[in-house]
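Presented sequentially are two complexes of subunit A, the first with subunit B as partner and the second with subunit C.
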Partner chain A sequence: MDAFLLWFDEFWAVYSNLILTLGINALLALSIWLTLACGLLALANAAFMGIGAYAGALATMNYDSPFALSLVVAMAAPSLVALAIGVPVLRLGGVYLAMATLGFGEVVRVVILNTESITGGALGLNGIPQQTQWWHVALALAIVVFMLARLHRSKTGRAFEAIKVDETAAGLMGIDLRAHKLLAFVLGAAIAGLAGALNAHLTFFIGPQEYGFDRGVEILTMAILGGIGSLIGPVIGAFFLTLLPELLRGLADFRLIVNGLILVSVVLFLPNGLWDPARIRNWFGARR
Partner chain B sequence: MQFMRSAIVALAIGASTVASQAAEVKLGVAAALSGLAAQYGAAIRNGFELAAEEINAAGGVNGNTIKLVVEDEQGKKEEAINVYKKLIFQDKVLLIFGPTLSNSASAANPIAQAAKAPVFGTSNTADGITAVGNYIFRNSVTEADVLPVTLKTVVEKEGVKKVAVLYGNDDVFTKSGYDNFAKALKDQNIPVTTTETFAKGDVDFKAQLTKIKASGPDAIVLSALLAEGAPILVQARQLGIDLPFVGGNGVNSVKIFELAKGASDNLWVGSPWSASNDTPENKKFIEAYTKKFGLAPDQFAAQTYDALHIVAEALKKVQLSGDIAKDRAALRDALPDVSWTGVTGPFKFRQAVDKSGKPAGYDADQQPIVSVTKDGAYQIVK
Partner chain C sequence: MLELASISKSFGGLKVLDHVSLKVPQGAIFGLIGPNGAGKTTVFNLITGLIPPTSGTITFDGTDLAGLAPHRITRLGIARTFQNIRIFNEMSLLENVLVGRHRHINYGVAEMLFSLPRYRAQEEAARARALELLGWVGLAGKAGEIADTLSYGEQRRLEIARALATEPRLLLLDEPVAGMNPAEKTELMSAVRAINARGYTIFLIEHDMRFVMGLCERVAVLNFGRIITCDKPEAVRNNHDVIEAYLGRDDEADTRETA
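Let's turn to the complex of A and B:
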């Protein structure tokens, strides 16, 4: 037992940050899953993460707010922004929505760059106290998964599903399209903001370039790669994408090449994502 | 690269079998070997490998061989933290060199400070890096130290009375370069005719340059990276602006001669290292580096090369006990007193202070060399 504890102490010292990042990335993947589950390709989650990170970090640093309050601020700020831009932007569909939300992400980045007195501009915010503990992330992930699971099975969740499959038919059945889309968008923003604040209070530092296009694509990839058929998919996708580069560390210079090869094979052989129960059942069926 | 690394490992193994009692001193290197900062990371790794090879070939430090544990931190803050934790707690290195970017350093250095493991930055030039604590060292001379010297030299040599300023406002490096230039201009009472900005990825700077030309300065202060700095030079010369440009570290690279072919003259830069500096140490370094890697070294390689020698000097005074915590503390205590004349000239540490004015980590105390570009080469200004 003592040997195990000793081993665990060392393991935790080395990998605690990675494990917390797993949880935070899972939250991000879930945040975009919400809009994807509603058939919306909105790519503003990196920007919402940034708004949450800055709002939470500024609350902690400038107003000495307790961590819980900072997290609430970090969820409220992007939600309000999402509410404001969601009304006009969600009238768009398909690639037009993707373009508009990408544009919004750029706007957020430029605003952060130019409000130097508050956000530190290009230099970022330095010296954020490290307050995120493992159980904060675990609890946040558990609550979000639980609430999303409940939502998925509720009337609202069914409405999301209906909108995803056929928007016109859903509208004819009496589903309020605009209200449901807006709800998915705002909830997604709140989750992304929460993830942003947890990350900011873990890494001592945030800068505007962290919440740009690259991060947006990374979040989308995590959700799509995991599979958006259920809640488990995005979480698995986030774990997979975060762990893979670390597991391949031994390969040194070939690491990113192998990393890329694995991702391409996953997309080729598992087009519906890693978590695809029907396909997995099929594999075992064929073997029998 | 892979081949070279195995060659070094083989060399290290060979050396350790010769001296049977010799131990290995493990030093970590956290560098951006992939991602956007990979070009810097590659030079950084080369510099360390060359220095380690030389030190080990000469018998190591007190008979102990130096073993580098190189990890890729991709230029990302999360990766830098992961790498630091691996190096400190799993590989149990005595000291960590790195990370490549100042942003990563802001995120990862507090981890090392808390674990009482020394960190030695070779490329972090941002303000406040060493304010984290007394385990943080760097030999990269900050822009705050270099830019005033460069500016002063240009003013003296070219009789500059007033300047125009052009900088990138969406990049950490160019923005903090601008802040330091602005402070230096104010301290030296040089009036600014106009201040213009651009963003990363811009390709046309004619609007800003025309405005600058109209404001009638004697020189242009430029805080840019190579990607924007080179076209700015070209377009300025096209517009008939023959004024001297005063640049920061971002445009201090031999690549400028290629990227701004025919328009690269009259750019003034300052750095502790210059390829044209012909001290015996520097000549030997350039020759060995070119022979080993088949390309010319840059200042990143030069600074890492010196960094390992500085740490080796400190290690000579440390009696290694095998207890990693004790040895790290002993190395930390030995480092501040090291003085070393390497490829970047005479070097010693200067203690920095944190936000509340308390003594913290250690910055480089070094005199920069100012050079001006002429006919595709740097000429040292004496």
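Let's turn to the complex of A and C:
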């Protein structure tokens, strides 16, 4: 028993950051899942994560706010921003929405860079208290998954799916398209902000380059790779994409090449993502 | 009940509808026929708010529909089906109809999150009503199946059930029997009659003459964007202009005139 505890302590010392990152990435993948479930390709989640991270970290550092309150601030700030930009931006669809939200992300990055007195500019924020415990992340993920699962099964979830499949038909079913899209966008922003603040209070340091285009694409990849047909998909996608580089560490210089090859193969051969309930049903012959 | 007053619609330089006036009386089965490209579906798109008219007004029970979003018009009590079927393919039949119940399911966020009694009662009631509506169109036995697996005719009937789920007073059917075989047509005819008998006003567009003439109390004929007649089926059938619109003018008479 003692030997195990010793082993575990060592394991935890090495891998705790990775394990917490798994949970945070899962939250990010779920945040974009909400808009994808509505058929919206909105790529602002990295920016919302950044807003949450900065808002939470600044609340903790400058106002000595308790951790729970910092997290609330970190969810509220991106939600309000999402509400403000969602009204005009969500009138767009398809590629145009993707472009507009990417542009918004760039604006957020530049604003953070240039408000040096508050955000530290390009140098970032240093010395954020490390308050994120493993159970904070676990609890946040559990609550978010629970709420989204309930939402998915409710009339709102059905409305999201209807909008994704056929917007015109959904509108003619009496569904308020704009209100539902805005809801998905704002809720996604809140979850991304929560992930950002949890991450900021884990890594001690945050900088504007962490919330740019790369991060946005990574979040999208996690959700699509896992599969957006259900809630399980994005979580699996996040785990997969986070663990893969670690598992390939032995390959040294070839790591990124193999990493890329695996991602391409998954997309080619599993177009609906890793977690595709219909395919799994087929495998086990439960269907017809 | 529904009144179109001098509705015109142009797409660029193309005048699709030209001062169309129609009155659909409460409780009726009203038909709109016309050759391909006459502008029939455009009439439905205007009524349901998918596109705005260039001029003219549409009123429903005295309410002007101008500028209302489609979901608002649905909430006033107008529902429709589509000529090119637009069901939610990957959902089950039951879920398709439940989407139509959207407005009639009421619960708060807390009730939804914790599956409180009100949530369960509302969902249960919606389910029961959805099954009842599927029964009206003869699909209750397939409620759990994925909509994609249905035959063409069944998908059309599913669309009707889904439209009814919004609890409309006026039901617009866009070519409800297109692509159906004769047996299916007869079946749908009695289904539509039964729905009408339950108090729903029905306004339908159709190509199939037997279907229209057998069902409708009044039929309007649209040709090149104009209403050429609006009358009882027998009168429409014998109307000279209508015959000409469908079959073309007598060639012999034509040559004699020009000669």
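Heads up, the rule we're going with is that the second predicted complex is superposed on the first by the 281 of 288 C-alpha atoms of A that agree within 3 Å, B and C clash if a C-alpha of one lies under 4 Å from a C-alpha of the other, contacts with A are read in each partner's own complex, and residues count from 1 in each chain.
Following the convention adopted for this analysis, a residue touches a chain if its C-beta (ideal position, glycine included) is under 8 Å from a C-beta of that chain, and two chains touch if they have at least 3 such contacts.
Note that the structure is a prediction, hence the values are computed from the model and not measured.
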> Of the partners subunit B and subunit C, which touch A:V14 in the superposed model: first, second, both, neither?
Replying inline: first
>> Once chain A of both complexes is superposed, is A:L123 in touch with subunit B (first), subunit C (second), both, or neither?
In response: first
> Given the touch rule stated above, what does A:E106 touch, subunit B (first), subunit C (second), both, or neither?
Replying inline: neither
>> For the overlaid complexes, name the partner, subunit B or subunit C, with more touching residues on subunit A.
In response: B
>> By the touch definition at the top of the document, which applies to A:E210: first (subunit B), second (subunit C), both, or neither?
In response: first
>> Quick one: is A:A252 in contact with subunit B, with subunit C, with both, or with neither? Answer first, second, both or neither.
In response: first
> After lining up the shared chain so the two structures overlap, which partner does A:A162 touch, if you call subunit B first and subunit C second: first, second, both or neither?
Replying inline: second
>> One more residue to check, A:D64. First (subunit B), second (subunit C), both or neither?
In response: neither
> What residues on subunit A does subunit C touch that subunit B touches too?
Replying inline: none
> Where on subunit C is subunit A touching in the complex?
Replying inline: 48, 50, 69-71, 74-75, 79-80, 82, 86-91, 95, 98-103, 105, 107, 112-113, 115, 119, 123, 126, 162, 165-166
> Can you list the subunit A residues touching subunit C in their complex?
Replying inline: 146-147, 150-151, 154-156, 158-159, 161-162, 165-166, 168-177
> For the complex, which residues does subunit B have touching subunit A?
Replying inline: 1-2, 5, 33-34, 70-72, 77-79, 81-82, 85-86, 88-90, 103, 106-107, 110-111, 126, 128, 169-172, 174-176, 355
>> Using the touch definition from the top, list the residues of subunit A that touch subunit B in their complex.
In response: 10, 13-18, 21, 110, 113-114, 121-124, 126-127, 130, 203-205, 207-210, 245-246, 249, 252-253, 255-256
